[in-house]
Amino acid sequence: MARTRRRIPWSDAGFRAATGLAAFLVVGIAVVIGLELFRNSRVPIHEFGWKFWTNKDWDPVNGEFGAYTFIWGTLYSSLIALLLGAPVALGIAIFIVEVGPLRLRRGLGFLTDLLAAVPSIVYGLWGIFVLVPLVRKVETAIAGSRLSNLPIFSGPPYGIGMLAAGIILAIMIVPYISSVAREVLRAVPQSQREAAYALGATKWETIRIVVRYGRSGILGAVFLGLGRALGETMAVTMVIGNSPQISASLFAPQYTMAAVIANEFTEATGDLYLQSLIEIGLVLFAITLAINVLSRFLIWSVSRERRPRPRATPARLPEPA
Amino acid sequence: MTPTELEAPGVTVREPEPRSEDAAVRMETRNLDFFYEHVQALHGVSLAIAENSVTALIGPSGCGKSTFLRCLNRMNDIIPGTRVVGDVLLDDIDIYKGDVDVVDLRRRVGMVFQKSNPFPKSIFENVAYGLKINRTVRRSQMAERVEKSLREAALWDEVKDRLDDPAMGLSGGQQQRLCIARALAIDPEVLLMDEPASALDPIATQKVEELIYHLKTSYTIVIVTHNMQQAARVSDRTAFFMMGRLVEYDRTDKMFTNPGEKITEDYITGRFG
Amino acid sequence: MSTLCAAAVVLALLPLGFILFYIVSRGISALNPAFFTKLPKPSGETGGGMANAIVGTLKLIGLASAASVPAGIGAGIYISEFPGSRTSTLVRFCADVLNGVPSIVVGIVAYGLVVLPMKRFSAIAGAVALAIMMVPIITRSTEELLRLVPVSLREGALALGASRARAVWSVVLPSALPGIITGVLIAVARIAGETAPLLFTSFNNQFWAPGLDQPTASLTVQIYNYAISPYDDWHRQAWAGALVLVAIVLAFSMLARVATRRLERMNVG
């Protein structure tokens, strides 16, 4: 019998090696990121040590660099984003999974997820030209009222500043928190709802039971949103004012870690300046890493609790004899 | 041939056994039809449930016994696309009538499920949950009621020292008795149990069966079971369902020793199902 | 309570409607053929377009995909074929880590890896940054999809004498292919809109950038530069650019959804 075509030798060892290489690459990238950040921030680490994190000054002219201002700005803006965005996201999740009319559910889910598809730069563009003027109007109104005596409402109503940044971040993290929260609520076993109904619970009392059951997953979803807010660059830098000052006021222009890197990286002169920015990147990386790991753990713990994960394939493929 | 004989040859539907004079009727269905969308799951079921007794519903898988049970406390309402035709009466009031408060109905007709489903709260909080949401009891009396329910469910001695421990930490049998205590706490008049012991080991099953036997002096109990011996052990009356129809309904001792229908006898002796 | 939840939905959809409305209304008025064909004019002058930026974005996406798709799919195959091993758990963990890295940090890393040694900004540097972001997305989605392929398919191939590699290549992969393509499209949609990692890798260019080793204009960076400039004409063009960008991103997302829908209908799982 003649061979009709050349047979390609398929060796399993080669297969494992090739895919293993790709897998190794993924790990390698993650490791390289950490190493590169460290390697390129040696100068300020050496120069400032731990004081880098507590130093409130950012003075490129005099070679004085400290990350405190930016850590403050990042945390403050993210906190506002969470306070505004998390309840809205949870409300949407509950509406879609438990309350809303069936026909609307899919469409609403799609629309909410559409928010996540909008690029950050577009949010920023809209932020500068639409949101900021609106915020300025609101701030002016507040500034004219008795509320301006409170420290969080002090200062001139620029429009650009912490409030605008917080609002835009809130809008951006809603789809992330909401989509995970929806999955968590769907994963709550129906038997919990039935148990509540059978005891005479109303729809809302039952929803409370469901939310309570999925609480760690929902917390994980919120942390995921937090992680996203911490690292967001473009939209924030376009509306926050990029001013390295620490202020409790929502009206004040401030600065975040991601924003300062984006703005000053290409202008940075000298190793100390550039590497200080890179060290800020290192701090940002470490914080978001920790938050993301925590969030995944929380989300994973809900689905583990009740049902074993359904598997379409067995854990181990039988080795060919 | 009657219509039913055409559809299910060999099955004749009997009139329900006339109730004995000293047993009042708590719940009753009259010509109950039930539909999941276009599929009819129950056909003209007429059944009277006597007070302070245990009524067992038996039959092969898919015969409609669980569907029937869930009609009694309107649990099927939470499934979209279901429809009920006919009367379901609790103390002579049709529970499907428009002005009936479903929430209150479910307090009066309680339910225990096949697989125990305690809330992720403490043992105390699980039992107290029904009391809290129905606001039937003052806070000061809550602890008393919780203890009473746990005693009734024969669980008190095992948990009295750890009421604040998580309910999920209990064994399967204990969790099921906890769910029974939780259902009893709100003082229902009727207790529906859907295969309450099917997920339990023999010893736990025995405990639950003893419990049911003792409870019937204060409660009216309807239990779905696929275990014939269990039905024979705990119930006073048994209803045999098949393909959505009530085939036979009689006193348990008579049903199991001298059933009226051939098909009942076949099922009970294990020839099918 | 119901109204609160409904209010939440409205509150979230309101900005979406707002944003889309502004992009479309302001973008369309600024859109003209010149936008797609002309190069940017020097600052202050009107006219001109973003032709090089659009091309640049497509070029960067193409380069990044070429690098990340084989690596991502390969890694995805690895962790789905050898799920128990410690390497797989590690890879999965690293993929999740990479997914969470802020894009600006990726930019820093690409700067150190490519720009510094090359001593210039380049399309390669930008593509590297984008590829780093695409790899974990593709890896995870490939793994999820391969796991959905029924055992019977694999076993059928093995029983006929196929080696493991052959079974995967000729049977498992093809049936998971639509889903894998979806994953790639989702990854592309995600990075098409990225700005931060390009700021100091591919940087920007007012002119065409042939080859791979020159600073390259991209839609996102160009929009950014125009937006923060003081010129009205550039603001207009920024809106037009945003419209085009959103259209590109939505096109890829829609494509991905259609592919998913077809996949469901083809009944892989």
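Per-chain numbering from 1; labels A, B and C assigned in written order.
Note that in this section a residue touches a chain if its C-beta (ideal position, glycine included) is under 8 Å from a C-beta of that chain, and two chains touch if they have at least 3 such contacts.
All values derive from a computational prediction rather than experimental measurement.
Enquirer: Compared with subunit A, which chain's mean CA position is the farthest off?
Expert: Farthest by centroid: B.
Enquirer: Taking the mean of all protein CA atoms as the centre, name the chain whose own CA mean is closest to it.
Expert: A
Enquirer: Based only on mean CA positions, could you tell me how far subunit A sits from subunit B in angstrom?
Expert: 49
Enquirer: Roughly how far is subunit B from subunit C, going centre to centre by Cα mean, in whole Å?
Expert: Here subunit B and subunit C have centroids separated by 56 Å.
Enquirer: Averaged over CA atoms, how far is the centre of subunit A from the centre of subunit C? Could you give it in whole Å?
Expert: 18
Enquirer: Which positions of subunit A touch subunit B when the two form their complex?
Expert: For subunit A paired with subunit B, touching residues are 102, 189, 191-202, 205, 209, 212-213.
Enquirer: What residues of subunit C sit close enough to touch subunit A in their complex?
Expert: Result: residues 1-2, 4-9, 11-13, 15-16, 18-19, 22-23, 70-75, 77-84, 87-88, 90-91, 94-106, 108-109, 111-113, 132, 135-136, 139, 147-151, 154, 158, 162-166, 168-169, 189, 192-196, 199-200, 203, 220, 223-224, 227-228, 235, 238-239, 242, 245-246, 249-250, 253, 269 of subunit C touch subunit A.
Enquirer: Taking the complex as given, what residues does subunit A use to touch subunit C?
Expert: Of all residues in subunit A, those touching subunit C are 10-12, 14-16, 18-23, 25-27, 29-33, 36-37, 39-40, 87-92, 94-96, 99-100, 108, 111-112, 114-115, 117-126, 128-130, 171, 174-175, 178, 204, 227, 230-234, 238, 258, 261-262, 265-266, 277-278, 281, 284-285, 288-289, 291-293, 296, 311-318, 320.
Enquirer: Of all residues in subunit B, which touch subunit A in the complex?
Expert: For this pair, the touching residues of subunit B are 73, 75, 78, 80, 103-107, 110-111, 113, 115, 117-121, 129-130, 133-134, 179, 182-183, 186.
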